[in-house]
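To keep things clear, I will list the structure first and then write my remarks on it.
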Amino acid sequence: MNVQTGYLQNVDGSCLYSLNSTKVISSVTGPIEPKPRQELPTQLAIEINLRPATGVPTTREITLQDKIRTVITPILASYKFPRQLCQITLQLLQSGETESLFNQLELAACINSTVFALVDSGVPLKNLAIATTIVIDSNNNIIHENITDDILKNNKSVHVIVYQIENNKPSNLLLMDSHGDFDEQDVLKVLEASESNVRQLNKSFREYIQSKLSN
Amino acid sequence: MSRLEVYSPEGLRMDGRRWNELRRFETSINTHSHASDGSSYLEQGNNKIITLVKGPTEPTLRSQLDQTKATLQITVNLTKFSKFERSKTTGSTKNERRILEIQTALVRTFEKNLMLNLYPRTIIDIEIHVLQQDGGVLGTLINGITLACIDAGIAMYDYISGVSIGLYDTTPLLDVNSLEEAAMSCVTLGVMGKSEKLSLLQVEDKLPLDRLENVLAIGIAGAHRIRDLMDEALRNHAQKRISNASNK
Amino acid sequence: MAKDIEISTSESKFILEALKQNYRLDNRTFDQFRDVKIQFGEELGDVLIEMGKTKVHCKISSSITEPYEDRPFEGLFFISTESSAMAGPQFENGNNTGEDEVLISRIIEKAVRRSGALDIEGLCIVAGRKCWAIRANVHFLDCDGGFVDASCIAVMCALLHYKKPDITVRGEKIIVHPVEEREPVPLGILHIPICVTFSFFNPMDMEENVKGESNSEIVIIDASLKEELLREGVLTVTLNKNREVVQVSKAGGLPMDALTLMECCHKAYSITETITNQILKEIKIDNEKRDKYSAILSSENARETS
Amino acid sequence: MTLSVAEKSYLYDALASTPSIRPDGRYPYQFMPIEIYTDFLPSSNGSSRIIASDGSECIVSVKAKVVDHTSDDDLLHIEIDIAGERDDALITESCTSLFNKLLKNIDMKKLQLTKKYSFKLFIDVLVISSNSNPVSLISFGIYSSLNSTSLPKLVSNFDDLEVEELPMFHDYDLVKLEVVPPLVFVLGIVKNNIFIDPAASECEVANNGLIISWTNGKIIAPIRTLALNDTNTKGFNPNLIQEGIKLVEKYASDIASALQNI
Amino acid sequence: MSEVISVVARNGAFQKNMITESFESDNSDNSDNEDYNMSGSDDDEEKPATRQIASDSDIMTPGELITDDPVWMRGHGTYFLENKTYSSVAGTVSKVNKLLSVIPLKSRYAPETGDHVVGRIAEVSNKRWKVDIGGKQHAILMLGSVNLPGGILRRKSESDELQMRSFLKEGDLLNAEVQSLFQDGAASLHTRSLKYGKLRNGMFVEVPNSLIVRSKNHTHNLPGNITVVLGVNGYIWLRMTSKMDLARDMPPGGSTQTSGGSMGPTGAVSLNPNSNISITRLEEESSWKIYSDENDPNITNAIKQTISRYANIIKALAFCEIGITQERIVIRYEASMAYNDIGSLIQRDNMENIGQEVLNAEKMRGSAA
């Protein structure tokens, strides 16, 4: 994992995030004045725009936007900013997977990038959320790191798991997005693998922040 | 069509002009007194345009209100029948980027020339209908707007006159028509009064850098002529009005 | 633009006063173009350009499609320049009809596509049936002025960097060879247009500009965002190394003396030369990095681009 | 256009009285004076510009193209652009659909060149300004532009079914297009009076309006009512339709000949 | 010409009053294209380097040098650089004392204090009406600048603010005086005189404001029992002459008797200084009636026809771009009796005749300046 926060200057928070061959930039602007139609009377409204590396946004991107929203909404302290807006923009630079078949690597990268950009922006968060991708390949091996397009193509099932981080460790599950052929046993294995992944990611992110703060 | 020589060895162009000759330039002013505050009809060669200026007047939208100056809005309607071949596009052409670009360029050209600060909290809305186009349209639009704004009595620093110049091999051809425009690289100028200051300068095709200065010089001279033609037309118009309205 | 970015009166006064005394906020001289940083991504045709704090990313994608009916011998080439709120609050998501957005996209369009920088006839596979469609996706990441100049460099670098998969035509069938199997083919680049943007300021009032003879207007190259917000006129000159004017755009704004504009064009030429050389050098370095062996094997194979 | 209550009641009373008094003194059958210019667009096959004395103005261009009518039998294409209105505005769309129907009355045989090919006419209407419903003005514009339309003269054989060739035309000889386009009349109704070509202020107080179409000496479809404002509109005596039709029958040929004598 | 429709037709050409200025290159011998050299500034000789100033009635166009004499104060329609004063509009030079300005041939109405204008309510807002007077901006009519029912001395209350629309609402026409100008040039109006207020009993006509000349009186009684209000802004109101209109025209000591009951144009009974109406009556009469929307029931068809005739005459004068004055309207009215048919007055050649006859008549009488 490679993280660089504060990458952009014209927004309140940003993060250049890459994991293996997937690379995404996220930006956060807010809280700002919303357009009247976006305004929510009691809480912070969230606008998410995701732009693909090539071509124009399609339903695929809108689906991803919605999934990111379901993860971000619960971790934001949105009650603190009624009638305000938080604008999140994501630009994929490199998807790292065959875009017509998969979106799992991008989804996990986008979520992590967004959360780190939110941390960078100073918008109050209740918790962190960290996402990871797990593949069970045709030989029933669980693959939890260095997932490439080829590994994805050889999957029996693919899973994106997002954990909420509390007291520096994974607690509740925020999102589980599984595709393919799997059983209960597989799910348990996936959860286990993903928890350790998330733990690891959380650790590296903390280290990054710490080193950034000490500078 | 291309069998015709763009520029003959005898120094004649397809329509019989010499290299430094302007096209026919005919204009009438205050053509639409019912529908606008200022108007002009202009034929520059086979370009035929109607320009209507409405305002300065109370803006209808809040977003058009500027406390310090008038908001300038320009809409260019390139009619589908304006070219020899009717435009094939179905539906509206109003949001084409090329048209938006022309509109923006015109607004930015006249924003600096009209004394908009004299008309705070108002809007000036300019509407141009291009009935026929035959090359160098942007320059013609500039001339039409200049005349219509003067007719509307809107204060301005000076005339802006527009013209396009083509470069055929090494010979600049003044005031190109559409056949010439298609056959060579062209430069469009918007010149401030009788000065050598350019409000607008556009080159859209490849042109040797070392020829540009020469082309600009011819263009400026041509634009000054156009300014004089507009001035003459305007004075004739004014004379007529004044003699009509004398003894009010 | 969605919202006008406000710049305080005192700050704008300060910047203008400094300009009058020959100073710029970032200590550059008036004629100084910012250093261009070119970074190539992992994939082919993936480039990030940084000019000061301005960041523009360009990525090329290709696909096989049908040519236009009236142009059977030509491939397709699109440049998409969509702005998003990421680059700054002045850009609205999905709004491509804003004045600045339109001007940027039109200038890039004229500089690169209309000028024939990419050989689109070379994209033809089967006349009237199949051709390559090349798409340059320009992403504005961070705006500190100079989007046009940076985007043009980004597009050209990405086109030079990109290689499309090799193909074999068998009758009606087209076989696309994966990159791993066969060395991909670079695009035909016919010239490299470089945009240089000049910004104009009027230290006097409009009367002096229109009727005066002093020509006291200030001209700076490669304005930063704050300078862009305060400028009264802008000129973008696009040239290539062959001393060809590719495109010039001064869409209104402060009227400027024709001779001054000519001087700008000449200044732009020397910048064009420098940047073109830099691009070619960095492309070469990256190519060598990617394929150490082919550099040894074939020395004179690369197509000479100018 | 907003009028004051007093203005409206003055106008209404004047128009409702017997005989009706129109604000500009016109007879019930009298049109506003118009100016017509034709043939000013050399790159179109026909063109016209109509300006009414209230400043309403409309420009029409007719362009012809040779098409294979066995595959494209829609030989008249009309597009209407009303300045200041969006292309999908109600007024624009209703005008377009009205004229699409009306122009079906034109004898398409006149456009046929050979057994296979015909001229297809593209009629583009640009309404530069209009103070009231522009349909009447547009129909005058179409009428005079089609009347001024000249098309290249056919020199090749009519029977081309055997030969796979496009029709051939004379180098410079033109033939006048001989079609009779329909005219559309707008009538205003105030109380028991009906009058032709209502001005903007008359529309403002009218109780209702009628659109009556006419061609070649006879009334044709569509005839329909047309609300001219949204404050005063109400029902009216059906006999007024008869009266309106009589009015049009009596005077339409005068209009047609006035438009033709150019 | 058919009486159903009058058609002016032209084939080929497009423009009316076409000013044709064809340009022929005059330096045919300069076919060597190196002849133009940009660095040489060749326009110096075109600037008259004189201290002379253009005289009145000289036509100026934008950017033209009017004078390089620094003694002048620069007014509207000009701008300056150092000593030189330039024109910013096309029009004629006007010199008033040391104030130099250029009056544009045509522009939207620019209000001046004291102008008598006719306006239409465009918007009812907080304690004020916005009035369309054909200017660059709407004029403002403050609630405090109108007479309210109940008399002049009545205090304005909050309930007045709430019922502003019952006095004047969108679309209503009124005549008023320009009381003052705001900094940005917008006019502030008042109707605190019985000659101003809501307009009734007639018809509205609009002409270019440049055709109306500011004068002492803008309300005129015309033959045929008609009164015209010629708003300086080019908005004109034609109405049946009221008792009050008659009273206004009476010479002092005249024997007018306001035979009570009939209303003046503003709903109040005539206020002739010589009539026996006291200021207290005024207060009584200044009632809700002044804001009534009802027309006088006594407007006969003959009156309506006369109003139409006057309207057509005014439009004909405007068509010929002839200044509109009471005298000219009356002359033409009398002459127009030759046309039995009012509707024929709108035909183009008749309009042109009307204009020509007015000018001829004035020449004959030598009243033309």
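Letters A, B, C, D and E mark the chains as written, and numbering starts fresh at 1 in each.
Everything that follows uses one rule, which is that contacts are C-beta pairs under 8 Å (C-beta built on N, C-alpha and C of every residue); 3 or more make two chains touch, one makes a residue touch a chain.
A quick note: this is a predicted structure, and the numbers were derived from the prediction, not measured.
Here the chain-to-chain distance from subunit A to subunit B, counted in touching steps, is 2. Annotation of subunit A and subunit C: not jointly contacted by any chain, touch as defined at the top.
Distance from subunit E peaks, on a Cα-centroid basis, for A. A comparison of C-alpha centroids places B closest to the centre of the full protein.
Remark: subunit B and subunit C have CA centroids separated by 29 Å (rounded to whole angstrom). With centres taken as mean Cα positions, subunit D sits 62 Å from subunit A.
Centroids built from CA atoms put subunit D at 32 Å from subunit B. Each chain gets one centre point, the mean of its Cα atoms, and the points for subunit C and subunit D are 51 Å apart.
Contact with two or more other chains is made by residues 40 of subunit D. For subunit B, the set of residues touching two or more other chains reads 33, 48, 157-158, 193, 195-196, 213, 216-217, 220. Among all residues of subunit A, none touch two or more other chains. Taken together, the chains touch in the following pairs: A-C, B-C, B-D, B-E, C-E, D-E. Residue ranges of subunit E in contact with subunit B, taken from their complex: 14-25, 27-28, 30-31, 33-34, 36-38, 41, 43, 46, 57, 59, 61-63, 77, 79, 86, 88-92, 104-108, 122, 130, 132, 136-138, 184, 186, 208, 210-211, 213, 320-323, 325, 362, 367-369. If you check the complex, the residues on subunit A that touch subunit C are 7-11, 14, 21, 23, 25, 27, 29, 32, 47, 49, 51, 53-56, 87, 89, 91, 93-94. The touching residues of subunit C, when paired with subunit B in their complex, are 96-97, 99, 102-103, 105-106, 109-110, 114-115, 206-207, 209-211, 232-233, 235, 239, 243-259, 261-262, 265-266, 269. On subunit D, the positions that touch subunit E within their shared complex are 2-7, 9-11, 13-14, 17, 21-27, 29-40, 49, 53, 148, 251, 254-255, 257-259, 261-262. Interface residues of subunit E facing subunit C in the complex, by the touch rule stated above, are 38-39, 63, 79-81, 84, 86.
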